[in-house]
Every structure is written in C-alpha cells, then in structure tokens.
C-alpha cells in the first residue's frame, strides 16, 4: 500500500471517527429532541461515510480490486437518514415533545 | 474474553428468566427473546471464541468450528418462528380475554400490598 | 412475449444495473450479463410498486446538483460539529417553508436535501403538500432559511422536474 | 379344547344375546340357556375321571413372558362350583324370563348374565392364577353392571359403584398377592403353586402374600369389615341377587380359600386371620339380618353371615372343617337362591319388600309360601333339610377346635349365638311375610301366585334342599368327596354325611339354637328397641360421602397445584433445571479450564458492557414496554456485532435481520396491548424471581466459563476439509446448512412454514379492538402513510430484490444464502406495507403467501429427492462448473435449488405471519382517509 | 500508522456508541430513544467496517449493508408505531 | 441404505405441501388427499416394522455423508414400533377429524400432517440436534393444532403450553451445547462412544448437560413437576387433536429411552444410568398426581387428560429402573395407553356432542342420545385405562409389576401402581355412572346425530385395546426383543461403520 493511500486512509478514519463521536456528543448534549435530530442525520452519517471511504481505498489498494460495496452503504445511509429523521420528527410532534425554550415557530399538530 | 462472554450469557439468561416469570404476555415474550439470545450465544460459543477465523475457506489461515454456527443459524430461525407464534398467541389471548395476563384473567383487583409499594415508590 | 422485453422503468433499470456492478466489486462479463438480466427482470416484477413515474426533464443537471449536495453535506457537518462542540446554546427555529414543487418525488428530494444540509431538518410535509416544516438548528430568522432553501435547492429541482 | 369351551361358550352367548333379544323374552331365555346346557354336556363325561380324584388340565400358551397361559383345570372343587354356577344359572335364566318386564333391556340383562357366568366359570376352572385373576376382576365388572342394571335408580348406581370399589380394590390386592406367590414359586400354574405350599409358607413374603390374597377373598366374599357392599348390591334385580350375590360370585372368595388351601393354609397366621374374620362376619351378619325390614336386606345379611360361617370353617384349618365348608357352600347356595327367588316373587307380586307392610301372604300365595318356608327352615337349620347337616358339622368342628385357655369356649359360643340368630331371622322371614296379620297398603293388591314357570326354579331348589337333607350321601356325597380331595390335595379323612349322628353335643347346640332363636324372635321388639339406641350407619351414604370427600379433596388439591398459573409452571421448570444441573456444576471445582482466559480488548468489553446494561434495563424497565423494546433492539444489535466479532459473519447477518423482523412483530402486537405493564407481583415474589433468575444466570456464566476455557476437538475438521471439494462451496456454514446437515434445514423451514400457517389460522377469526390513541392518550395521527417514506420505499423494493439476489448467489461461497436473502426481500416488502399500507400493497401482490411457502418447501424437497433418482440418498448434492461466453465460468450447485426453497419459504412465512397480524387492523379493510402517495 | 489510526477510530466510535446508549437510556421521550437507536445502528455499521479493516477482510461488508437496511426499517417501524400505533395497516 | 426409512418423513411433508397449495380447493378434495397421505404413512410404518423385526439396525444417511458427520436416520425395533403407534393413532384421529372437526380453518390437514412428520423424524433420527429440530417441528405443528377450532377456552392453556415448551427448547439447546462443547459431536452413536472416556470437569459438564436434557424430555413427557400445563391444554383441544396428542408425551418417553439407554446407558462409565435415580420417584409421584387429578376431574376430557399423566408415571417408572423386562413391559403399556387415551378423548367428544350444553362435564343432564353405544365404548376404554382385566391396560400393568421383583422399588412401585389403579377405578366408575346413568328428565338443547365415520374411528381406537390382548403374545415377543435391542448399545454404535453409497453408483 502506498504511503499516500495509507495517509489518506488514516486521515479519513480519524475524520470519520471524530464525526461519529461528535454526532454522539450532539445527541447527548443538545437541549431538545428537535435539535438532537440534527446530530445523527449529519455528523454521524458523514462519519460513517468517511470510514467507508477509507475502507474503499484500503481494500482497493490491498486486494487490487475496487471495493464499491461500501459506497452503496453510504449512499443508502444518505438516502434514508432524512426519511428516518422525518418520521421521528413527526412522531415527536405527535407525542407533543416540547421544543427547547427560545425556539421560534412551533411544531405542527399531527 | 471468556469471562466477559460468560457474563454476557449469564446476564441474558438471568434477565430472560426474570422476565419469563412476569405476569403479562409482553414481558414474557421479551424474556423469551432475551433468553434465546443467551442460548444462541452459548451454543455459538461451544466452538470457542476466536477472532478473524471465519469459516470461509480461503479467508483465513485457521478456521473456527463452523458447526455451532450452523446450529445457531437453525436455532435462530426456529426461535424466530416460535417467537412469532407466541406473539400471535398472546394477541389471541388478549382478544379472547380482553386482558394480556398470561393466565387470561381479567379485572382482578390488584394486590393491596402493591398499592402500597406503588405509593411508596412515588 | 416480446413486448415484455422492455424496460418499464428505464431509470430504475439504470440504477439497478449500476448497483449490481457496485455489488459485484468490479465490472466483468458475468456482472454485465447478470446486471442486464436483473435490470430487466426486477422492474418486471416490481413495477407495480412504483406507480408514479418520475420524469426528469433535464437529467444532465443531476450531477451538478449532487455535487453541490455533497459539498453542502460536508460543510453542514462541520458547522453542526462546531455548534455541538461550542458552549453557545443553539437558536432553533421552526420554519414553515412554502413549496413550489408539486411532484411528490421532487418534494421528497428537496426535503431530504434540506435534512442533509446545514442545520436544517425537514420535520413534516403538510397534508396538502404545499408547505414544508423545517426545523433549523441555528438561524437568525425564518426568512433567511426560506430564501436559502429556495435559491439553493428548490430552484434547480424545479428545473429538473419541469 | 373342551374346558376352554365351557368358559367361553357363555361369552359367545353374551355376544349373541342382543340379537335374540329381538325375539322377545322367551327366545332370549332359551338362547341363553344353550351355552349352559352345552357346558353341562361337555362336563358330564369328565365325571368318572374326577370322581377318582384325578385332575384334568388343558393348557394353551398365551403370554409366556408373563407366565400367563390359557390353562384350565377340572377337578372336584372346580366341578362342584361349575355345577353350582351352571345349574343355578339355568334356573336364574328361567326365573328371569318371568321376572323381567317386557319393556326392559333384556338383551343387556342376559348378555351380562352370560358374561358373568363365563367369568365365574373362568375363576373356578382357571389353572393359571393370572388367568383366574382376569376372570376374577371380570366378575367384579359384570357384577357392577348388573347391580346398576336399573341405572335410573340412584341406589342401584351407588350400590354398584360401592361393590366395584370394594371387590375391584380387593382384586388388586389379590393380584399383588398372586404375583408374589408366582414369584416365589416361579410359575402361576396351579399345579406348581399347589405343590409348592411348603416353599410358599416358608418364604419371607408369605405373610404379605397371604394378607393380600385374603384381602381379595374377603372383599369378594363380603367378610367383615368389607361386608357392607353386599347388602347394597341388593339393588340389583332379584335374580341377580340370587345368582351373584348369594349363590355364586360371593362364593368366589371362599372358592379361593379352598383353591389355595394347600398352598396357604395350615399356618397360625392363616388360622387367626381367616377364622377370626369368619367369626366376626358370622356374628355380625346374623345380628344385622335380624334387624332388616327389607326382605332382601335380611337375606343379604344372612348371606354375609353364612359366608362368614364358611370362611370360619376354612380358617379352622382342619380337614373336616374344610369338608364342612364345601358342603355348606352347596347348601347355602340352594336354600339362599330359592329364598331370593321367593323374595323376588313376593316383591314382584306385592310391589314392595318391606316386611312391615307385607303380612299374611299365606292367604294369597300358599304355594310360594310353602316353598319359602321349607327353604327358610333349611336356613334355620331344621333337621331333614340340608342346612341342618352342614350346620351340625359346623357345630362339631367348633367344638373340636382347641384354642388355649378360655378362648376354647369362643368358637362354640359364637356358633350357638349365630345359630340362634339364624333361627330368629328365618322365623322372622316366614312369620313376618306369610302370617302376622294382614298386608298393609301394598302397592299391588291383591297379590297372587306368580306365573307357573317362575315357581319352577324355586321348586327345584327346594327339592334339592330336601334331597340333600334326607339323602346326603347319595345326592352330593361323591361330589363333596371329589371336591374335598381336590381342595385338600391329599388323602381325604373319614367323614360321614349322615342325617343323624346320634344325641351328641352338636345336636344339643342345634336345639339350643332352635329354641333360642324362636325365643329371640318372639322378643324381637325388645331387640329392635335395643338396637335403636345405636346410630344406624348407612354404608352407602358413608361410601358416597367418602368418595365425594376424596373427589372434593382431589379437586381442591389439583386446583392448588395445577393452578393455571404460568408463572408457577415456568418457575418450576427453571428451578428443575437449576436443581438438576446444580450438583454436577458444584463438582466442577475449578471453573477456569486448561486453555485459560484470553485477553480482553476494550471495544469488545465496552460492547459487552453495553449489552449487559441494556439487558438489565430491558428487564428492570419492562413495564415501560416500548422502552423495553428499544433496549431489546440494542441487545440484539450487540449480539449480532458479537457474532461478527467472533468470526461468524453469517450469524451476524441472520441475527440482525431476524431481530428487526421480531421487533416489527412485537410492535404490531404492542399496538393492541397496553403500553404499560401494571405492577402486580408482590415484593417477596419479585425477590424470589430475582433470586431464581440470578441463580440461573450465575449457573450459565459458570458453565460458559468452564466450557470456553477448555480445549476440545470436534467433528468439524471434516466439514472444513470436505466443504469445497465435495460440497462445492467455500462458506462452510452454508454448506453445512444446505448439504452436510441439509435435513436440519428442511426441518427448520418446515417450522417456519408451520408457524406461519398456524399464525394465519389462529388469527383468521380474531377480532381485536385497537386503541384509539397511544398510551399517553394522544389520538393517532391522521397521516397513515407519510409522503417521504412512501417515496423512499418505491426504489427500495427493486434494490432490495437485487441485493437479495446478490446475497443469495454468493451464499454458498461467502456469507449470505437463501435465508438472509429471503429476509431482505421480506423486509423490503414489509417496508412497502409500512409505507403504503395493506390495501395498496396487497393490490400489487398477485400471489398468495401460502403458495410461496408451499413452493419453497416443494423446491427444497424436490431438490433433495432429485438425488434419489440417481441412487443416492435424499439431499445428496452435486455441483459443476459451466462456462458460458461473456459470462465466463460459473458454478452451479444443486444445493442452490435447495437454498432457493429456503429463500421462498422465508419470504412466504415471514410475510404471511406479519400480514396476518396487520390484517387485524381495521384500517386494512377500509381505505384510509389519505391515500398513499 | 494506519493501525494506530484504526484503533483510535475504533475507540472513538465505541465511545460514540456508549454516548448514544446513554441518550437512549436517558430518553426522555420515546423519539429520543429511537433516534439514539438509529444512530447506534449507524455506529454499528462503522464498527463492522472497522472490524473488516482490522481483520483485513471484506467478508463483513454485507453485514454492514444489512445493518443499514434493517436499521432503517426498524427505525421507520418504530417511528410509525409511535405516531400511528399500527405499523402495518 | 434403505429408502423406506425416508418414507414416513417425506410422505407427510409432501402431503402437507400439497395442502398448503390447496387453500381454495373444495374440502372434500383436501380431505381425500390428506387421508390418503395418512394411509400411506401407515403403510410405510408397517413396512418399516417388518424390516425392523429382523433385529438389525438400518440407517439412512442424508446427503450420503458418513455418520457422525451427516445426519442419519436409524431404524430399529423401538423406532418402528413408535412409528406404527403414531401412524395408527394418526390415521384414526384423522378419520375422526374428517367427520367435521377439521372445519373452521383450512390449515388443519397441513398442520396435522406436519405434526406426523415431526413425530416421525423424532422417532427415526440418530442425531441429537436433529432431534431438537424434530421436536420443534412437532411442537410448532401441535401449537397450531391445539389452537384449531376457535373458542376462547383453549387460548390460555395453549399459551402456557407454548411458553413452557419454548423454555424447554432453550434448555434443550443449552444441553446440546454443553454436550457438544465437550464431545464435539452430535450423532447419538458417536456420543455414546465419546461419553465413555470422559473424566474430570468434562465429565461434569456432560453430566449437567445430560441432566438438563432429562428435564427437557421430562417436560415433553409431562413428568411432575413439569406436567401441570398438560391437563388443561389437552382437555381443551379439539378431540382428534387431543387424541393425536396421546402420543406427544410418548415422544418424551421415547427420547428418554433412546438417549438415556444409548448415551447414558450401562456402558457410559461414570455417567451410567444418569438421572434415573431421579426419574423413578418422580415417575411415581407423577402417577399419584395423575390419579388425584383424575379423581377430582370435572369433565370427561379432563379425566382423560389426567389419565395421560397417569400413563406417563406408569410408563417412566419401569423405564427408570431400566431392566429389560421393565422396558418391555413399559413398551407394551405404551401401546395400550396411547390407543386407549386417544380413543377415550374421541369418545368423550362424542359424548359431549350428545349431551347438549352439559357437554362432557361430569354432572347430571338429560339422557344423551346413543347412550348404549357410547357407554360401551367408554366402558371398554375406562377398563383398559384403569388397568382392569381383561383389557390391555391390565396386561401392561402386570407386566410392569412383574418386572420389579425385589427391593424397595418393588414396594413403592407396587403400592403406588395398585392403589393408583384402585382410585382410578373409582374415578372412572363415578364419572361413567354420573354421565351415562344419572339423567334427569328434559330435552337436549343441541340434538346432534352421531356420524358413522366418526363413531367408527373412535370405536376402532377403543377396539385396539382388545386387539392388543388377543395379540399379546406376539406383541410381547416384539417388545422383549426391543428391550433386548435397546440394551445392546454396541449394535447401535456399529452404525458408524455402515458404508455409504459408493461414488459413481
């Protein structure tokens, strides 16, 4: 494996790990459900995406074979994350989860 | 590693058994599911714990025992079928007795001591 | 018999064919043949499950849109990350976004885009599909959000789905 | 073959009886007498042989393992009884013809009567103790059915059950006794048993065997304290009472004493048990007989008393006493049968048996009265009648008995007392019924003589009483001799069946008894008054009460134990396992075995910790059901990660897919269920459960630890070796599933299919009311099918199908396979149901899931059976490599077809199950307000 | 170097998973829990990929794909349950 | 390798598949095909019985894999006997069901055939894990059958039955795991060999596994304290299902016979006769409990259900003692009790159909229709069940009594069995006299006519008890030979050497 790809893989891994962790932190730290909804849809998804990419690069180098399965997973995650978020937001609004004080606008009645 | 794995199986068994002994169908089903997780892990581990020795010829130098894996696969599927059945049966019991008690009873006044525990707890 | 040899959902067939090549880890004779067979066969079976045919009028605009999306996702993630890590509390807003798009798929794509990009999540689509409820993590005003969405995403989408 | 014929002819007759019943009472009576007549004809030629004291045995093999054979024996003893059974049986058959009313079920009556006759013949002629046992219990059974012949009478039913309980129970004791005897002797054949008397008596088990055998004999012969069933058996039609409960069946007990006399008698134990029982019975029966106002009751207790007399005679253990006993068997049978028949006539003609109402019948039926009076005189022991003779012998024997000290007085006194009572109740029978003023308000008035033929049997019996009484030697002498020699099994001592033995002590006793009896009868009112001071015990009521109490107790006990509480049953099961596995596990000593522990890595440890915490929270928070469900998902997820971590990619995938489907299933169910579990177990109960759960958990932990740290070798190297070259796949797990152990998989998919079909069937007509809102009281959202979800679900199905194909095809070589592929397809379809609803999705599915299941199983089976064509066993796989242009070389394995079967079954079963639940939802039938987009 | 990065990443992702479990347990509302579970699924995907990298094998990738699919369907079903009660109607 | 071994499994499987496809087929066609399948099962079972009667072991190696690597079916006398018992009972119950009990849902015949398949696999398999699979097949089918016929009465007993058996399956897997983790094999013959050389901790793990397995089999066999689920479940089941279930507890007994005689038999070294010291007292207590239950039963079906418990105790006591004579006796009794109990369930159902709303409860009611016919059937069944001469139950019992001739066991077994018989007689006579004789004036609310086919099958099942008596000689010769074969484990383990079908055949 070339040094460049090793650097790339390492960097992507660390980036992915960091984003995953940040996503989790966000989920833990943000004040209400609606704000927490942002963390996994973006940070975590991207984090996994980065890790996938590192895997693609690693195995393309290692097995001399282009590994695209990971890409599929990433695309799938990106496609579905908004829908999950949507469904959960609707569920939260249905249950009447209160937004944090200071939120402008109101959630919809379901 | 083995101790940790054993603790996991022990926990699954204990929680599964505890829920199995509850009075409502739902926790019983959940308990059975936990128990079957424990059992499946146990059966799986009879081939011992190894890393990266997946029994795919050509993928590793040594291979773990594939037989327990095949057995667990069968057990998982059968367990799924059984769980599905028991879930539906508990629905049927609910429909027949209008109560989800495992003994099908309905509107039995809760025990007095329970009211007290409830009160103490809150 | 021969009339069955068509691709009822050509876009889907393309998607499937591509996916198969991804799954097969590399293009080969076998993967192409199999990909073709599946790209034909599967839509035959599932066509009923996708009754509304999306009509991309300007397909060539798709890559550009996707590129912008990827770029925004990365940016979005960094900005959300910063927000998560900073001690400053977020300033969330619920924004009712008036939709111009009509096609359900188009609305879905817009809503998904919104969810994936900076500080916004599509929380709901109104029953009449005219309004989108967007939750914004950190914004100065609602109008700012509406404008950003409209200019950056809805316009290109409207062009594609005309 | 002739002896078995004697026994089995009546049974054949019984089978035919219902047919003849169609021809009326006369036809069936004639038909029923045929077997008895033939039997007599068969027995007749044997007389010469038997008279010489010889024995005829005819034996056929039946169940050698058991020592049971069809062996029949004819000797003097069995002949005596067989003749009694057949002759009195014939008379009863004739008598019953007139006794029964035309509307009664005569078919059943005669059939049972013949069954009884056959069984009784079986008892007396069986030469194998087990065979005898069979007939013994058969008589209990037929007696039960005959007593309860008038099933509408409560008394009859109860009397019958009581008789069955006592005699049947005694029969079981007898069985045990016989088995012990058989074990001592090594054979159940009578020859062997009778020859082994010394061996038996010397054996340590003799007391047990004797007690058990006597229990059988005493219950059957209504000996004290088992006598109480007999009077209540009198609820039977009178011919039955005459036949079973005086002349024959109750004699089975004394027959047994006679039969086993050489084997068991002659010990002190025998003497005390038999003679004292006999004495008690003799007195008790006589005493109570005096008190009965019921005609048949009097006769019944008199029978008890007479049976006691016979038993006492056998118990005395002297040869002469045994001979007297045999003689009295004949005498009692004749006079008692005739008395019963006479009583039956009285009952028949007056409609009652209450002696307080029946008076002065002499005027209405002098003929019957005369017969009854002769028979009663015989019962009382009046000279020139047969009863006198055997009683005289009894008195003599009672005097001959040498008991130590003052005890020596006991037998003669008892004998005299019994004699006094016998005279008294006989006098009462005669005087109370035929004289003593006028009848009191009889149901049938005026009574008159019965039909001619109804009296004939009585006449014959009374004639016999007189004949034997006057010419004992000529009439029954040879028979008694033959019987005595058979009973005693050795030389018969000198004895004399004379009418008059001179003025001696026995005659004195007879005289005392006679006049004492008359005196007692004259003072009967005092006697009744005396007795009235004691509380009357109604044995039937007591029996019923005891049975009812037992039933009640049993019911309550059962209710307590079989409480219908699943919690208790499950607890018992878990505790049983713990108890069974506990000891071996404590013996383990060191739990950490030879291979020791391997180091832990942090991520795995954290994952394990997560799992443990999640599982515990699932258990602790189970009352918040949805929360528990989410935690359960975490557990499932970590378990599948664990599979991946420890080298099981296939398992990881399967576990994951199954888990999600399970969660969906649970949510489908949870919709209808309360979202909260009420707190309803007490704290001690919870502590108990926690203790049990912890014990189970600790046990499993220790077992796992012990197991994981020990080296082992398995058969699996074979699979690893042969998977590729002979199974055609590199994924060994998959090759095991579809090839090495393909049969397991066939069973597994069958389970899946059956479960789905069962679920479908179970939910077919189930109606559940869904809650209108969630647990917090929020009404459900209007939006059933969110737009975004529906839109994303559209491409999911074709993509998932493609992924399924991919996973399926690689399964033989890489992780994957039919099962996982099937679950992916299923989940994609489920997503369609979730996203767009039942109606929408079903419209687009053109096949029934049943057929998919069927097809799947069919593929798997047919693929398996394919190899049969080539002479290989079921499920033998084959594979080959094919090269096509462009495509290149690829592998085709027959196992793939099998896997396709798995794939289809999984889809069909999963969806059928889930959709069946979904169909319960009211929305599935009516189109929802908002059509899916 | 890659090995170090790999293990650091694994540590981070594991930590992330633990934090998610914390949120999951904490709630406070059901949607929070489902959101945390959904995120946990994504973390699991990452962990599987990382496991593949550690072992140098691609055999576990399909498991990751499966988690993605199953996680999505699971989340959707739970979401639908929360707001609509009947998952399939 | 003999393909006939496959027949009792493949025939019901194919029959059930056909049923799965016939959702919309007319009921007459489905019935005909289903019955034809059951008849074929019986034929194949009889063929196997004839084959097995020569005393040799026949194996069928699935996939042509040499045991212990592949799964084998093993045919011996015991297996053949169980197959025939099941097939006969199955056919007669099936005929009864076709009389109308199969209506209500279309899955009945499929489930019924699957049930037979599961039973047959259990009797034939020579592999411990495959035995688990067989158990699951027959259990899941029995769950479905148990719930057949609607009504709310059977839901809760059904739920209990299912949940307990699910726990049982979990325990089964744990024990299989424990045994495999030491021996590394699943084939029973191979296990028998592997177990002999064990020592130390290995031994204790296998011992614990073996004892847990006994709990599982005990649960299936319904031995105390694991039997309480049974009476209600059986009593509430549709009659032909309950009749078929008469063989379900025998599967547990069969498994105990098979596994404990082969693997933990006399040759098993330190593990010899594992658990049998537990089994014997438990069997007697079970017997006693069954008798008490029967005595307190409130309905005929309940009474018969308790009779099942009685038979379990009666059957397992001699099995626990393990002598050849005892095993032979137990097998004879097994034949008798299976048919008798099955027949009694059917008769109780017929009675129930003739008594209006009183159904089969042991209470006074208006006179039933067809009283004579039904009372004769009941009488014969009760006599056979209670073990009174001259019917087969009696022979079973004396064979059992005879098999124990000394020691404390004799005292216990004899007393419990005989006193139990006595109380059973009281229970049956009480129930029979109330149900058949204690009638009140009045009319039945639901007059129904007895269906010939239904009555005939009930009668035939009851009549089998007479047949058993007539054929007692040959039957005991067979059971003696079976018991001897069971004790000769060396012959069983020799199946490992049977060659497979050669390549290129």
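All chains are identified by letter, namely A, B, C, D, E and F, in their written order; residue positions are counted from 1 within each chain.
Keep this in mind: contacts are C-beta pairs under 8 Å (C-beta built on N, C-alpha and C of every residue); 3 or more make two chains touch, one makes a residue touch a chain.
Source: prediction; values computed, not measured.
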Smallest number of contact steps required from chain C to reach chain D: 1
What's the overlap between the neighbours of chain C and those of chain F? D
Hey, which pair has more contacts between C-betas, D-F or A-C? D-F
Please identify the chain with the largest separation between its CA centroid and the CA centroid of chain D. C
From the Cα centroids, identify the chain that ends up most central relative to all protein Cα atoms. F
Where chain A and chain D are represented by their mean Cα positions, the distance between them in whole Å: 70
Taking each chain's centre as its mean C-alpha position, how far apart are chain B and chain C in Å? 40
Averaging C-alpha coordinates per chain, one finds the centres of chain B and chain F separated by a number of Å equal to 29
Could you give the separation in Å between the centres of chain D and chain E, each centre being the mean of its C-alpha atoms? 60
Which residues of chain E are in contact with two or more other chains? 10-11, 17-18, 30, 34, 59, 62, 65, 69, 76, 80, 82-83
Note: chain C residues in touch with at least two other chains are 19, 23, 111-112, 122, 125
Please set out, as single numbers or ranges, the residues of chain A touching at least two other chains. 23, 25, 37, 39, 45, 67, 69, 72, 79-80, 82-83, 86-87, 89-90, 94-95, 110
Contacting chain pairs - touch in the sense defined above: A-C, A-D, A-E, B-D, B-E, B-F, C-D, D-E, D-F
For a test of understanding, state which residues of chain D touch chain F in their complex under the given definition. 61-68, 108, 130, 133-138, 140-141, 144-145, 148, 151-152, 154, 157, 160-161, 164-165, 168-169, 171-173, 175-176, 179, 182-183, 547, 550-559, 561-564, 566, 568-570, 572-574, 576-577, 580-581, 584-585, 587-590, 593, 700, 703, 706-707, 710, 712-716, 718-719, 722, 739-744, 746-748, 750-751, 753-755, 757-758, 760-762, 764-765, 848, 850-851, 853-854, 857-858, 861, 865, 867-868, 870-877
Could you pull out which chain B residues touch chain E in their complex? 51-52, 54, 56, 59-60
Chain C-facing residues of chain A, complex: 19, 22-23, 25-26, 29-32, 34-35, 37-39, 41-43, 45-46, 65-69, 71-72, 78-79, 81-83, 85-86, 89-90, 93, 99-100, 102-108, 110
Per the touch rule above, chain C residues touching chain A in the complex are 19, 21-23, 25-26, 73-74, 76-77, 80-81, 83-85, 89-96, 111-116, 119-126, 133, 135, 137, 142
The chain B residues in contact with chain F across the complex are 20, 25, 28, 32, 35-36, 39-40, 42-43, 45-46, 67-68, 71, 74-75, 78-79, 81-83, 85-86, 89-90, 92-93, 96-97, 102-104
